[in-house]
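Shared chain: chain A. Partners: chain B in the first complex, chain C in the second.
And then the complex of A and B:
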């Protein structure tokens, strides 16, 4: 029973981190009808921005001067701004130029951008951060190529006391708070409603007078902030962060979004949780399951694509010719 | 018409294309304030393209669109809507996953004053009682007729200077079509909204308008007042 409850907590935590990136996919897909494949890398970039902000602010003595709570908020704000900016860059340079071409183009160009983000993180950002403060872990990583590209230790910034239980609780609370804020934003504000309008019927949204360009820009800012928080929670939960972790994190998030129904934000929450549960319980109950958790998780996704392609709460879409 | 006739919309020499295929060729349409004007044409004649060009959803290759004396040819769609053009399009439909009320509130996109919005909503509820009974229902669950009413109400809530109605009778039962055209007449006569009615149903459309255009293969082949149109040979064309 004890094992079950601890697995349950891990599953929820895993689900929380997947949910945020899945919602990012949903929001972008909603307004653009394009899968922005670099979401995972943007989130990892967010995690690294936090470490960067932490090392810089810590050596400047700013973080010690303010309460821990404020310090985390400051770092989160910095990461959110950077990720929002990266989101806008992604839109401007890898999606907008292909507006009129087939949807395959932005798909490829966002994958390419993801690779660029990953490599820049690995080649430039991580060594710089490492040289400012020696927080490199001693973890031996067989995949690391050069020094300084080892997994980066994520300092336990969330829980003041350093306890894991407190950290876990805060991760869940932050995710819940973000979901509530997102719900209010989507349903009560004009920009949120415009985003939904574009997602449901773009032509009618245009005819209604929605400023589509401004709404898309806003979506990338919101999405960037969500991804920054997602990256922060993920790296805090895993206690390490890898520059090349974006591909796996991104594909998990994308899978969660597909399982939930790509245009449905709440489906993404369910999809994320489902994926988290499948993974954690596979690792927990199947002997040697840790090695198979990803395989089983993606198997579930494949089953969904085969038997319920519209997702858990998605609606069947009929493509008009 | 005793009202001072003022030119509200003036489309002149408009050309548009879809890729390399020309769609509209030298289309000119003039609408005076307060009039109800119909644009008739068969499927694929270019009616909807004309509507989209007026809204800025299709680029004008040549020609100009003047609205309220301003050249709006290069304006983006949301700016044109803010200037007072609204479309009720049966084909474009509604936001199906949102409630009727949210549809109406989103429709009133440019009304930022909550008091004014509440007033306008009340007005809509009195003139479209069908919708009042369905406020919290998702638009996707409405009947075809109710959905058309919602599409019209969504546009009318803004009290537009120009209301473009894109095939409001599309796919409706004859009895509902009559109701829709009664609403068209009321909006034009009582609420003094200038209406551009784009229709395939020539007989019905002519019964509520005072001028008309016939569009065929992307060109205006006839324009004139309703009486001349009714007697014209073009309406006898079986394609119409």
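And then the complex of A and C:
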């Protein structure tokens, strides 16, 4: 029972991190009908920008001056702004040029952009030559903590030096808060409503006077913020962050979105949780399952795609000729 | 332009053209990194310029008209290039890799180029070919040729299994399925201790033909040859075979129906194309090609490891197909050569390798999504292209497609 409850907690945590990136996929897909495959990399970029902000602000002495809670909020804001900007860049350079071409093009271009983001992260957070690395460590620069292509230690920001229980609680609370805020945003504000309208019927939305351009921009900003929080929670949960973790995180998030139903934002929550549960319980209950948890998770996804491609709570779409 | 195109249509032009291409390939292979990069950029720019004036198209026509001359002179030069590399180990290695990747890309093209089905798992197919050779030779002590055959069969069967979900899904869902397969494959071979796990299988025996080792230093007429040269010749033989098969498929009914599926699946179905069968065919034959490429790859390194067959390798193969030009066998070989040479010569800057792929892919997709040598308009006038009407029509179509895209 002890084991079950601990597994339950980690499954929920895992599900929370997947949920956020899955919602990002859903929002982008709803508005643009395009799968933005670099979502995972944008989230990882968010995690790294928090590390960068942490090291810079810490050495500037800003973080020590304010209470821990405010410090985390400051860093999260910085990461959210950067991720939203990156989302807009992704839209400009890898989605907008391919609006009229086949689905393959934006797919490949966003994947390629993801590779670019990943590699730039790997290069920036790594001293280029060994001798430079030695210099950096010798002057005890805080950035040297960040250096290297190895996994980065994520500073345990949310609970200070507190226990993991506290951290877990905060991760769940943040996810819930984000979900509630998103619900209110989608259903109560004008932009949220126009996002839903475009997702349901783009032509009709255009005719009824929805400003599509502004809505797309807003979607990428909202998506960027979600991804930044997702990357932060993921790296806090795993306590490390890898520059090349984006592909895996992104494909898991997309899988969660597909399992839930790509057009349905709330399906993403269910899909993310399901994926988290499958992974954690495979690792926990099948002997030697830790190595195979990803394989089993993807197997579940393939089964879903083949037998229920519209997702758990999606509607069946009938193709008209 | 029409008169100029006619002038091209003589055997000497074809031989000269083949010779120029061979000399360029030789120069790009041999030259220092900066020079060879400059040459490659120049080649691409010249090709794009020629394409703008329709000369590439005219050349293709001329090659088709002068088939015999083109093939005979081409085969001579293709054998001459490896021999001209003589004792240059590293260049021989790069050239062999380029040839092997070309085979894999031809396989990938059946799905991505012809049928417009995204496949993010070509490296997994290659891995199957490589591992089957490695397992057969090191664990069961058979000849690597048996492993190669087995690898092709297993990769084809794997293609069939992956092809099954494609009958029900398409677009993003299909790409997710293949991506999941690729990631799961890498994780599986990383974690199976029976096949070496993360260490892979090393010490795979090399191929031998009639008692002659194909990976050995030979000295013929006083000239020393690098060990890769005979192996390169073998790979080139396989590439010629693969190109032949790919072109035959392209010109056959099957190739046409694959293109029809790419254009509009429902319309193709209504016209009597057996969609499931053709889709499965594309996956199986693509799998066989990639399996062949993988089994040749293992003969070069005598090592099969999980790192060589991961998602980024798949991305690289996709990048090659797009760079060269989808659904054009010659274009794909050009793309594979260019990208292999770039990435191999970038070895010193290994950290930048992936970044370069990503940037090439993004820039290519924005600037010229059809690739360096784009898909050609199918010409069903056949011989009658000599008729002015048809030629004019074909030229119009080409111009339309080049400006419209």
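In the analysis below, the second predicted complex is superposed on the first by the 296 of 321 C-alpha atoms of A that agree within 3 Å, B and C clash if a C-alpha of one lies under 4 Å from a C-alpha of the other, contacts with A are read in each partner's own complex, and residues count from 1 in each chain.
The definition used in the following text is that contacts are C-beta pairs under 8 Å (C-beta built on N, C-alpha and C of every residue); 3 or more make two chains touch, one makes a residue touch a chain.
Everything numeric here is computed off the predicted structure, so don't read it as measured data.
Colleague: Following the overlay on chain A, give me a clash-or-fit verdict for chain B and chain C.
Modeller: fit
Colleague: Taking C-alpha centres, what angle do chain B and chain C open up at chain A, rounded to the nearest 10 degrees?
Modeller: About 90 degrees, rounded to the nearest 10.
Colleague: Could you say whether A:184 touches chain B, chain C, both of them, or neither, answering first, second, both or neither?
Modeller: Neither partner.
Colleague: In the overlaid three-chain picture, which partner chain does A:254 touch, first (chain B) or second (chain C), both, or neither?
Modeller: Only chain C; A:254 stays clear of chain B.
Colleague: Quick one: classify A:173 as touching chain B (first), chain C (second), both or neither.
Modeller: Touch partners of A:173: none, neither chain B nor chain C.
Colleague: Is A:196 contacted by the first partner chain B, the second partner chain C, both or neither?
Modeller: Touch partner of A:196: chain B, not chain C.
Colleague: Please work out whether A:212 is in contact with chain B alone, chain C alone, both, or neither, and reply first, second, both or neither.
Modeller: first
Colleague: Specify the partner with more touching residues on chain A, choosing between chain B and chain C.
Modeller: C
Colleague: Quick check for you: in the superposed arrangement, does A:73 touch first (chain B), second (chain C), both or neither?
Modeller: After superposing on A, A:73 lies clear of both chain B and chain C.
Colleague: Taking the superposed arrangement, what is the smallest distance in Å from a C-alpha atom of chain B to one of chain C?
Modeller: Between chain B and chain C, the minimum C-alpha distance equals 9 Å.
Colleague: In the superposed arrangement, what residues of chain A touch both chain B and chain C?
Modeller: Chain A residues touching both partners: none found.
Colleague: For the complex, give me every residue of chain A touching chain C.
Modeller: 35, 93-94, 97-98, 101-105, 107-109, 111-116, 118-120, 122-123, 126, 247-248, 251, 254-255, 258, 262, 291-292, 294-295, 298-299, 301-302, 305-306, 309, 319, 321
Colleague: Which stretch or stretches of chain A touch chain B in the complex?
Modeller: 190, 193-194, 196-197, 200-201, 203-204, 206-213
Colleague: Which residues of chain B touch chain A in their complex?
Modeller: Those residues of chain B that touch chain A are 55, 57, 76-78, 81-82, 86-87, 89, 92-98, 102, 105-107, 109-110, 154.
Colleague: Which bits of chain C are touching chain A when the two form their complex?
Modeller: 112, 116, 118, 164-165, 168-169, 171-173, 175-177, 179-181, 183-184, 187-188, 190-191, 266, 311-312, 315, 318-319, 322, 351-352, 354-355, 357-359, 361-362, 365-366, 369
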